[in-house]
Amino acid sequence: MLETRDLTIRFGGHVAVNAVSCSFAPGTLTAIVGPNGAGKTTYFNLISGQLKASAGTVSLDGRSLTGMAPSARTRAGLGRAFQLTNLFPHLTVLENVRLAVQATRDGTHRRGLKLWSIWSDHRDLVARADEILTQVALKAREHDAVASLPHGDQRKLEVALLIALEPKVFMFDEPTAGMNAAEAPVILDLIRQLKQDRSKTILLVEHKMDVVRELADRIIVLHNGTLVADGEPAEVIASPVVQEAYLGVSTKEAA
Amino acid sequence: MSEMLLDLQGVHTHIGAYHILHGVDLQVPRAQLTMLLGRNGAGKTTTLRTIMGLWQASQGKVSFAGRDITRLRTPQIAELGIAYVPENMGIFSDLTVKENMLLAARAARTADDIDTQRLEWIFQLFPAVQKFWNHPAGKLSGGQKQMLAVARAIVEPRELLIVDEPSKGLAPAIINNMIDAFAELKSRGVTILLVEQNLNFAQRLGDHVAVMDNGRLVHAGRMAAFSEDVQLQQRLLGLAL
Amino acid sequence: MLSRLISHDLPRSRLLAVILAAIVLALLVAPFAFPGVKALNVAAKILVFIVLVASFDLLLGYTGIVSFAHTMFFGIGAYGIAIASTRLGPTWMSMGVGVACALALSLVLSLAIGLFSLRVRAIFFAMITLAVAAAFQTLASQLSVFTGGEDGLSFKLPELISPSFEFAEEPFLGASLDGRLLCYYLLFVVAVVLVLAMLRIVNSPFGRVLQAIRENEFRAEAIGYRVVVYRTVSSMLSALFATLAGCMLAIWLRYNGPDTSLSFEIMVDVLLIVVIGGMGTIYGAVIGAALFVVAQSYLQDLLRMGSEASASLPWLAAVLSPDRWLLWLGVLFVLSVYYFPTGVVGKLRARAAS
Amino acid sequence: MFRDIDYKPLLLAPVLALVALPLTGSFSTWLTLTVAGLAMGMIIFIIASGLTLVFGLMDVLNFGHGVFIALGAFVASSVLALMGDWTGSQSLLLNLMAVFPAMLVAMLVAGAVGLAFERLIVRPVYGQHLKQILITMGGMIIGEEIIKVIWGPAQLPLPLPEALRGSIFVMDAAISKYRLLAVVVGLAVFGLMAWTLARTKIGLLIRAGVQDREMVESLGYRIGRLFIGVFVAGSALAGLGGTMWGLFQQNLIPQMGAQVNVLIFIVIIIGGLGSTGGALIGALLVGLMNNYVGFLLPAATQFSTIALMVVVLLWRPQGVYPVVNR
Amino acid sequence: IPAAAADKEIRIAHVYSKTGPLEAYGKQTQIGLMMGLEYATGGSMTVGGKKIVVIEKDDQGKPDLGKSLLAAAYSDDKADLAIGPTSSGVALALLPVAEEYKKILLVEPAVADSITGDKWNKYIFRTGRNSSQDAISNAVAVDKEGTSIVMLAQDYAFGRDGVKAFKDALKKAKIVHEEYLPPATTDFTAGIARMVDALKDKPGRKIIAVVWAGATNPFNALADADLKSRYNIEVGSGGNILPAMAAYKRFPGMEGATYYYFGIPKNPVNEAMVSAHYKEFKAPPDFFTAGGFSAAMAVVTALKKTEGNTSTNKLISTMEGMSFDTPKGKMTFRKEDHQAMQSMYHFKIKVDPAFAWGVPELVHEIKPEEMNIPIKNKR
């Protein structure tokens, strides 16, 4: 169970996330929606530790994560894919994934702190990386440098890294933005598969309402940093705040 | 003067050792909106960059308003009256939103010189631009950056607007604003070339459509006809609109 | 077997493999193939620089840290041997003590610098190390009681590796069989072992994490690597190897002074060699060091011939004068950055790949 | 409006001076040290001003910047040698009439060489720090050697014009006349730079161009030309700085540029990259610090500048007035 | 080198800073050396039927490089003896090499005392002056009863040694303060303030004695501070190369002692050198030219005595105690430490518009006998 309590951050005078308390149970997929700049990515940053909260706490399965470095949170089971692509541009696709696999497994290579083994001897890492690349349909490009991939493929790789981390909590930040309509289903299928595993918690930031409608078990709405709605998808989407502030439909018109 | 504002003929582009575009023929009619569609990696971005002179075409010809611009440098091309919103948005993250806008307004020396009316209009379309006017642009949220990128492109009148995936990361309400904005620009006689993955968006706005695959143009025609031909869509894009 | 020795980091270009083999072979037979004091000195200097440059590559090429304080550790190693041998006499024991103390000091300093590097941005860090290195050099000359100040220290080493020790009367293949020869082979073995060790480190899972940090530190942290730890370990390792290179230098020269091991000039040479050779390859260090040291050592001789040949053209002769050899070294700097943007190794590999 | 000014760094120099007052013991000594230190700071600012443009704004780690300083000094010495009558005269006016053309020619020559330097050496490596370091280092070596070819390897005396020698005395504190001239020139340089950068889009364009050159070009600006222009201006300022520095030392050696390299890098770092005001504050602090520590603990002088930089960076990890985030 | 040719040649290696920070000094030495060899051999460049060959080696001011060059000169180039180097640091690194190869190294113009002091070995001779000679002669020039002296020197071994030797040589005057400044000091305000504080209230004659090497020197700053008229403080210093003495123009009447100035010694050797130099370069010979010339004279004198025999032991026994003519008059290699005993010149600066530098006028020639130069080596 991932839990945030009164999570808050201020940038100067601007409160980007305002006392958000919420918990996310395993086996559910929660969509987080809200207008641009509502604080969704910032909320993710606070959970995964990229930003330090001005106030409030984060805990996972009862264990407090507040104050931990991002790397420690990742090792504790939080996994995160980024909204703006954020990879190792001059390494190959395969190496990108292998690095993520290695990071999570405290095997004989001890997360890379074992200086005296030869990297290519760790075949299990390669095998796992290959598997993931096949899953996201990037196997064909495994030896290309990331920098030369088209935008859409980079987004896929971003998701591949997250899967490689095998976290308890998956945080997707607009995984299909900029992805071709024919490609997006690959990622959405992946997310559906993850949902099958009832022990995983999934958080999804997404602006495409059809996707949200189809995947989410629950929707929470952020607006100006504040949690303004939380509940069943259909119910939340129909609520006036979403209709007006987010979808841009004037309530009167809708009514 | 030809009816086509922008005309690509047999354009080939290489990036390093890779041959990316294999003879693209693309026509963009004046004062209309042309949608460029295609799968990931089809070469859409590369085409736009080649038009802007950011990649050099190794073969073929690009002309703008009847003038050959194939060998011109990027600033010269831009000066002819083309605004470009790149795929990665090209936000100057160290500069404030105001400074970003000021740079886009070539004629303005200070922010006060920017056409107020136009600015009001932009603020209305993209409220975040006004709200964060004096903030470093790097701190904006993903969607806010996208708004700023488009706002920059329309701060001064331009003859041709080239935009690479403007809707990604935007909330539905803002997408609606953007559609309004493009529609209004079109009504003012601006020509628009748009790459888009959001098919709904494409359909609502496009007059013409061009589809790319594997570095080639595989279809060009009117949007209305394309919208109706589900089979064609299925074949070209892998799914229907 | 050979592949394991080089940690499966194959040259990936036949030409590269040939060149590497040729360099190693040349260094192995140098005392006999190129007799003479000067040639042997050049060969020894190449050995020292290979280790020094490879250690810097660990930091710069693999971890992406730009530091100008690397010669500081080189100097610490050299002073370690120099001071210990001066104070404790020319014994193996005192050499051991010198190496150990130097390594310890380097470890502490590199830890401090490594931790500080996390507080400031890359360029700032580079500039700070530039200043720190300058300060350290000043300090070394001010502490003249220990270091001999500007004048440096000349000292003796154990008999076995001193020139006065002759284990055969007759020269063999033009090389006199003396302590100097033994000393050279000592350096050779040490250099080979150290380079193989570094090759192993960069090809371990650890090395890959370093590359990831170089590429995108933020993301490396996000996927669960404690960047602080890896960067610090890398700084320390590279400092230790540089220290050992410094020890090698002092053992060969039996002299050390601030200009010899601490100067900014050496730092720039090292940077250039890394870039000429090819960053992040280790092999680049071998090729770069060999090329550069040979060029540097024989440039003046070359120019002497050039200016004699062009004596009829006064302007040209003035520029080709051996006194202006630095001018040509400068030109070499510029051209090598122009023509080897990815270094010799990068270029050869790209050629082999296409 | 006033609220927006970050005033804390402005207090650094006065605070440093106040702290030094009780330590130096006598008021007249303190006054001598302070005034001389401030004036020295101005000279340092002049030689560093070009680097604020080149390194601070354009993000070119130009290790060859020093060579323009040396070049300026040598050119100025040649010009002054031609005007022996005026420099030898007791009249301040005639002296200045010799010094100003010397500065001008030094700036022109340094600027012209800067142009070639940008084209041949810097242009291929924009955005690549490491290569910039190496290639400009190479450029520096070449430049220094060419100076040796032209002016010879030996040191060259550059006597100050007559009327600028000596000191004026205020309350028993000696202030050398030349330093007063330096203050005037320094203020002029500062004013001009600050004005240009604040009033035009140049500063903005450069900062944007460093981040994303392609985007600036896509907006229709010829960033290449602008970069050349700014680089040339930076080199010309270095030429001016060289003239001032040479006249201060009254003695030129071809290596003089390399000798001030680290110092001016430190000043720019303290000031925060790209900031003219920051560079001025940095230079003044260094000038003062050198004098106070030089008086109180001479052996520590060389370390004091570095300590100053480290302390400032611990306080503000990007320097006092960072204009650019790097 | 074919053995037969080598037999007919005398191979002399000159290791010096052909490039590097001391390039200007090194070149003077080389010019002087060649002129001296010409002069001493009467233009034939042969001694005892053997041709003198000079092999130039550029140490770039780097001790490690110097070491390897000297070894290469002795071994690869079969040099019979070597001369040089320019910098003391290099010289100290070279000393063991001479011992290893058992060949003579004639040190010129490196000045450090330890070269003929505790780092000395029997293969080392020196024609150049040592720091003690410099310091003692300067001390002699100012050593009067009732004089208060502040020493200003660079804060490293060379400066501290110089001050110590100066202090040891003073009999009557009193040193009230020693001011050590970093060698690279550019702003002298603070140092001057401290020296003035130490000196201004002292009775009698007040002198700031400067021991300084290098291009950035304190003289202009001292002149600007107007010490003479404000506090009646004088400045004193030794000689230097001509460009550096430009600064002396602002100190008319300044006293000190110098190693060489072309207008001072009156002897045929000096006259020959000055006129040859004018002829070739249209300029007078400088400080280090005289040194190179002296070294040449020493070598040729010794070789003439051995009739061209270059065996090291023979040369050593010949040179110990040997006297030879130089532009500075007669010099003698002292038996104990192989240091050449030589005259120094007590001067007073005159300003003459015809010269770009302050002209040192001879007050008194300080003969070797007048200076008690300590012997610091162990045999």
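Every chain is named by a letter (A, B, C, D and E) in the order it is written, and numbering of its residues begins at 1.
The rule is short, and it goes like this: a residue touches a chain if its C-beta (ideal position, glycine included) is under 8 Å from a C-beta of that chain, and two chains touch if they have at least 3 such contacts.
Keep in mind it's a predicted model, so treat the numbers as computed, not measured.
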Once you count every C-beta pair in contact for both, which comes out on top, B-D or A-C? A-C
Whole-Å separation of chain centres (CA-atom averages), chain D against chain E: 37
Distance from chain C to chain B - Cα centre to Cα centre, in angstrom: 52
Cα-centroid distance, chain A relative to chain E, in whole angstrom: 75
When you check chain B against every other chain, which residues touch at least two of them? none
At least two other chains touched by the same residue of chain E: list those residues. 19, 23, 155, 182
Hunt down the residues of chain D that sit against at least two other chains at once, touch-wise. 148, 153, 299, 302
Throw together a list of every chain pair that touches. A-B, A-C, B-D, C-D, C-E, D-E
Which stretch or stretches of chain E touch chain C in the complex? 18-19, 23, 58, 61-64, 67-69, 71-72, 75-76, 88-89, 92-93, 95-96, 100, 112, 114, 119, 155-158, 182
For a test of understanding, state which residues of chain A touch chain B in their complex under the given definition. 11, 34-38, 40-42, 83-84, 148-153, 174, 177-183, 207, 209, 245-248
Please name which positions on chain A make contact with chain C in the complex. 48, 50, 69-72, 74-75, 80, 82, 86-91, 95, 98-100, 102-104, 109, 111-122, 161, 165
Seen from chain C, its contact residues with chain E in the complex are 36-38, 41, 138, 141-142, 144, 148-152, 154, 163-164, 253-255, 257, 259-260, 300, 322-326
Which residues of chain D touch chain B in their complex? 200-201, 204-205, 207-208, 211-212, 214-223, 324-325
